[in-house]
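Here's a structure for you.
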Amino acid sequence: MSSPMPPLDLIESNDPVAMPKRVALVRPDARATLRRVEERWVMTFPNLILREVIVFQIVVIALSLAALLFNAPLEGIANPLETPNPSKAPWYFLGLQELLHYFPPVVAGVVFPGLVVVALVVIPFAKINLSARPLWSGDKKQTRLWGGGAIVVLAVFFAAFNCWPIVIPTLLVGGAMFSIGGGGQGGRLRQFLVRVTMPEWIMTWFILVATILTLIGTFFRGPGWSLVWPWNMYPPA
Amino acid sequence: MSSPMPPLDLIESNDPVAMPKRVALVRPDARATLRRVEERWVMTFPNLILREVIVFQIVVIALSLAALLFNAPLEGIANPLETPNPSKAPWYFLGLQELLHYFPPVVAGVVFPGLVVVALVVIPFAKINLSARPLWSGDKKQTRLWGGGAIVVLAVFFAAFNCWPIVIPTLLVGGAMFSIGGGGQGGRLRQFLVRVTMPEWIMTWFILVATILTLIGTFFRGPGWSLVWPWNMYPPA
Amino acid sequence: MNGTPLPRIGIWVRESALYRSIVRHGAADTNRNRSLVIFENLFLHMHPVKVREKTLKFTHTYWLGAITISALVVLIATGILLMFYYHPSVPQAYRDMKELKFVVDNGVFYRNLHRWAAHLMVLGALLHMVRVFYHRAYRPPRQFNWVIGVVLLLVTLLLSYTGYLLPWDQLAFWGVSVGTNMAKEAPILGPPIRFLLLGGNIVSENALLRFYVLHCVLLPVALLGFLGVHIWRVRKDGGVQGPPGPASDDEVEP
Amino acid sequence: MNGTPLPRIGIWVRESALYRSIVRHGAADTNRNRSLVIFENLFLHMHPVKVREKTLKFTHTYWLGAITISALVVLIATGILLMFYYHPSVPQAYRDMKELKFVVDNGVFYRNLHRWAAHLMVLGALLHMVRVFYHRAYRPPRQFNWVIGVVLLLVTLLLSYTGYLLPWDQLAFWGVSVGTNMAKEAPILGPPIRFLLLGGNIVSENALLRFYVLHCVLLPVALLGFLGVHIWRVRKDGGVQGPPGPASDDEVEP
């Protein structure tokens, strides 16, 4: 304690021990830009926790109302000798069951779900997902060739099995994809579509197909897996 | 970066910003002592984790050997009409069941276990536990009066119910407690006993009583809860 | 009810030695104590002490993860309750359903709640996944957390599927029969997995017990374990990742 | 088997993008990476990155907590296995015991393992408590962790007790009858608690189902929750507390 306290303006100096600075190395082939990131931080305790509690309460209230209004189905006791017609899996498997109508079981029950799981797992490791370039940002001719080829192959393949619930969304998504093949000028929708990347096109196609198949399997399939209107179906799914 | 780097021996200076120091305030009525605490720290990953894995392996191996050598008991199917004699609770409740032999059920089954749980919970909040003074470090006359009184009251109380398995350890622990009432001189055992605190005397007494009761209930109680030798008991516990 | 005694009791409780040994910080009226609420609590410390303000916006996450976890909490609570009235035996299981309906107080309500919460959880997990995909929140360093998410989705589907059999009515029996017949088609591994799952070659009493144990213990434990890692990694990677910035700015062009 | 290809595969795996996305640090050959092993793992981060060397000594803790937790791990593993062969119904439960003995591969071994591990866990918890008492490790700031320990002991006893009924043999039936008759003696709360526990006035099929659910789900969940807090507090309070220093040095005498 013999020496006096150093003056407080020490931390305003250029002394690197007292006040470290950041240095960035800019290579000659790159362009240096400064993006000002002004992020505001808030305390977790009241801000986030409160919102989480509110979400939980909304979920509980909504589920309670649903539980009061709609009864879970319960049919007669299980009887292995009497097969109901149609006999359906839970709703999230009805897309697969619908596929069983068009494809041999090993394809619909094993190959397709296996491919979906593998595709999902692989997403974050594929380079094309990480670069996130819009589909039409590269060589337009190449894109037209490969994209068009893929759509035609898919449509022909599924059409060969008479699987129109997949063929139609494939052609729709393909049409949307090629509608902005020319360039980036146009309305708002067009400007939005121009920025969609290839994985996003694929995912959108997949979600569309899965939703359509599940809806058909749930609401439009009656005895013998024949097409019926939902109000004619027996027993109700 | 215009100013030169400060010399490295800056951190050897008396500058409190560069090198903070600890200050202790010693009140005039206290004695300042310096205890050198030299604690060595090691990495958790190989050192602790490895030992934990070894402990786990030893436990698994020991249990596997026990499971190969000794079979878990299995008697006839439960029959509410045929009461085995004696019918015993699991071993950790046999101390309580032994107490049932001496006391009315509400005392043995509710008051005693309740008191034990309350006593256990209260331990860390009782001031006498926190100060941790040896029993004989205070006013010896007071200690003799209260300690002796407590032992006599306990012994008389349990003797009134003919509960000798508690009376005898009570007198034993009391004897050990008073054997060093005179002072701290003597052999190693004596020096050890002198430092025992009051809560430790009580806990030791409790553990002794609980162990003796459990052992009697487990090994020495036969039909009609009569005293038998373990090798005469039927059925084996 | 003039409100004065209650706060005084609150303060008295807060300053007692017992309360202080349980909750070591004072009331959450300073930022320091608000940090300690998170920091000193085993269950809240899955959160950081501070979060970016923008992550609280509805469109940042649509709260889909929170909705899914809320449904899970409802499922655990109602599931444990329902277990007390259910025997995994044939035909006792179906009779228990009838008993739940006609004998147990609010039995139907709890069963409905469990059923609809299960649907919500599957739907919530699917939508959460779609949200993460379109926000590109699977990018490094979050790649593996996406894979854990896929595993969580599969476990959720399995949980829902194993629960589907438990009422042991026609719907359950034939729904599960259709599903397990699909599994049979897988080459090599299919039939043995199906045998292991059903404890035999058809959906029978053995299948009911196995599905019950999977549904009530094994899969929930797996789900909670993976969920722990999932949330842990979100926190380690700096909180939830919302929509990406303008695409062209993300890269330095030559 | 000259040992060369294996390490090379190890290095190849370690440097792959997939492995790097799962385990983000390299081999634990530097202190930095050894820290990351603990710091980046949900299950190991109950430990601090560094521990005091003296806490590793056998006499510091006698490893009693570790032994108790090891027994718990064995109990969970064998318990889930046993659940697959057990119906909580009368008389199916007892028949399942016989089936475990005469039909199921290694059934007797797993049942024995579960039984002896349960005894070890009760014993380990008791000895751990005695150790903590004599080492005075309940002193501030650890007071409440001692209370959590008492709760853990009670939950452990309840777990062992509820498990005792499940074989539904004479030993189980009368052991539980003796215990629940004691609970009846408690004034006011005793009889209703007993009724709630047994689902009736005698040990019957309802009691079996309730004890089963308590034993297999509710009490394990409670145990793991409290255990989490217990270990969390040990870590927050600077690791395990061993024997106290020389008693007279602890205080500054006037």
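By written order: A, B, C and D. Residues from 1 in each chain.
The criterion applied here is as follows: a contact is a pair of C-beta atoms (placed from the backbone, for glycine too) under 8 Å apart; a residue touches a chain by one contact, two chains touch by 3 or more.
The structure displayed is predicted, hence computed values, not measured ones.
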Remotest chain, chain C as reference, centres from CA atoms: B
Comparison of A-C and B-C (more C-beta pairs in contact): A-C
Intercentroid distance (Cα basis), chain C paired with chain B, Å: 41
Approximate Å spacing (C-alpha centroids) for the pair chain A, chain B: 58
Inter-centroid spacing, chain C versus chain A (mean Cα positions, whole Å): 20
Chain centre separation in whole Å, for chain D relative to chain C (CA means): 23
Shared-contact residues (touching 2 or more other chains) in chain C: 18, 21, 140, 143-144, 147
For chain B, residues contacting two or more additional chains: 124-125
Chain A partner contacts - residues on chain D that touch it in the complex: 17-18, 21
Complex contact set, residues of chain A against chain C: 29-31, 33, 35, 39-49, 51-52, 55-56, 59-60, 63-64, 66-68, 70-80, 82-84, 87-93, 96-97, 100, 105-106, 108-110, 117, 120-121, 123-125, 129-132, 134, 195, 199-200, 203, 207
For the chain D and chain B complex, residues of the former touching the latter: 28, 31, 34-35, 37-38, 44, 47-54, 56, 63, 66-67, 70-71, 73-74, 90-91, 94, 97, 101, 108-117, 119-120, 122, 129-130, 133-134, 136, 138-140, 142-144, 146-147, 150, 154, 157, 160-161, 164, 167-179, 181-183, 185-187, 190, 202-203, 244, 247, 249-254
Footprint of chain D on chain C - complex, ascending: 18, 21-22, 24, 40, 42, 80, 83-89, 92, 140-141, 143-144, 147, 209-210, 213, 216-218, 221, 228-229, 232, 236
Chain B - residues contacting chain C, complex: 124-125
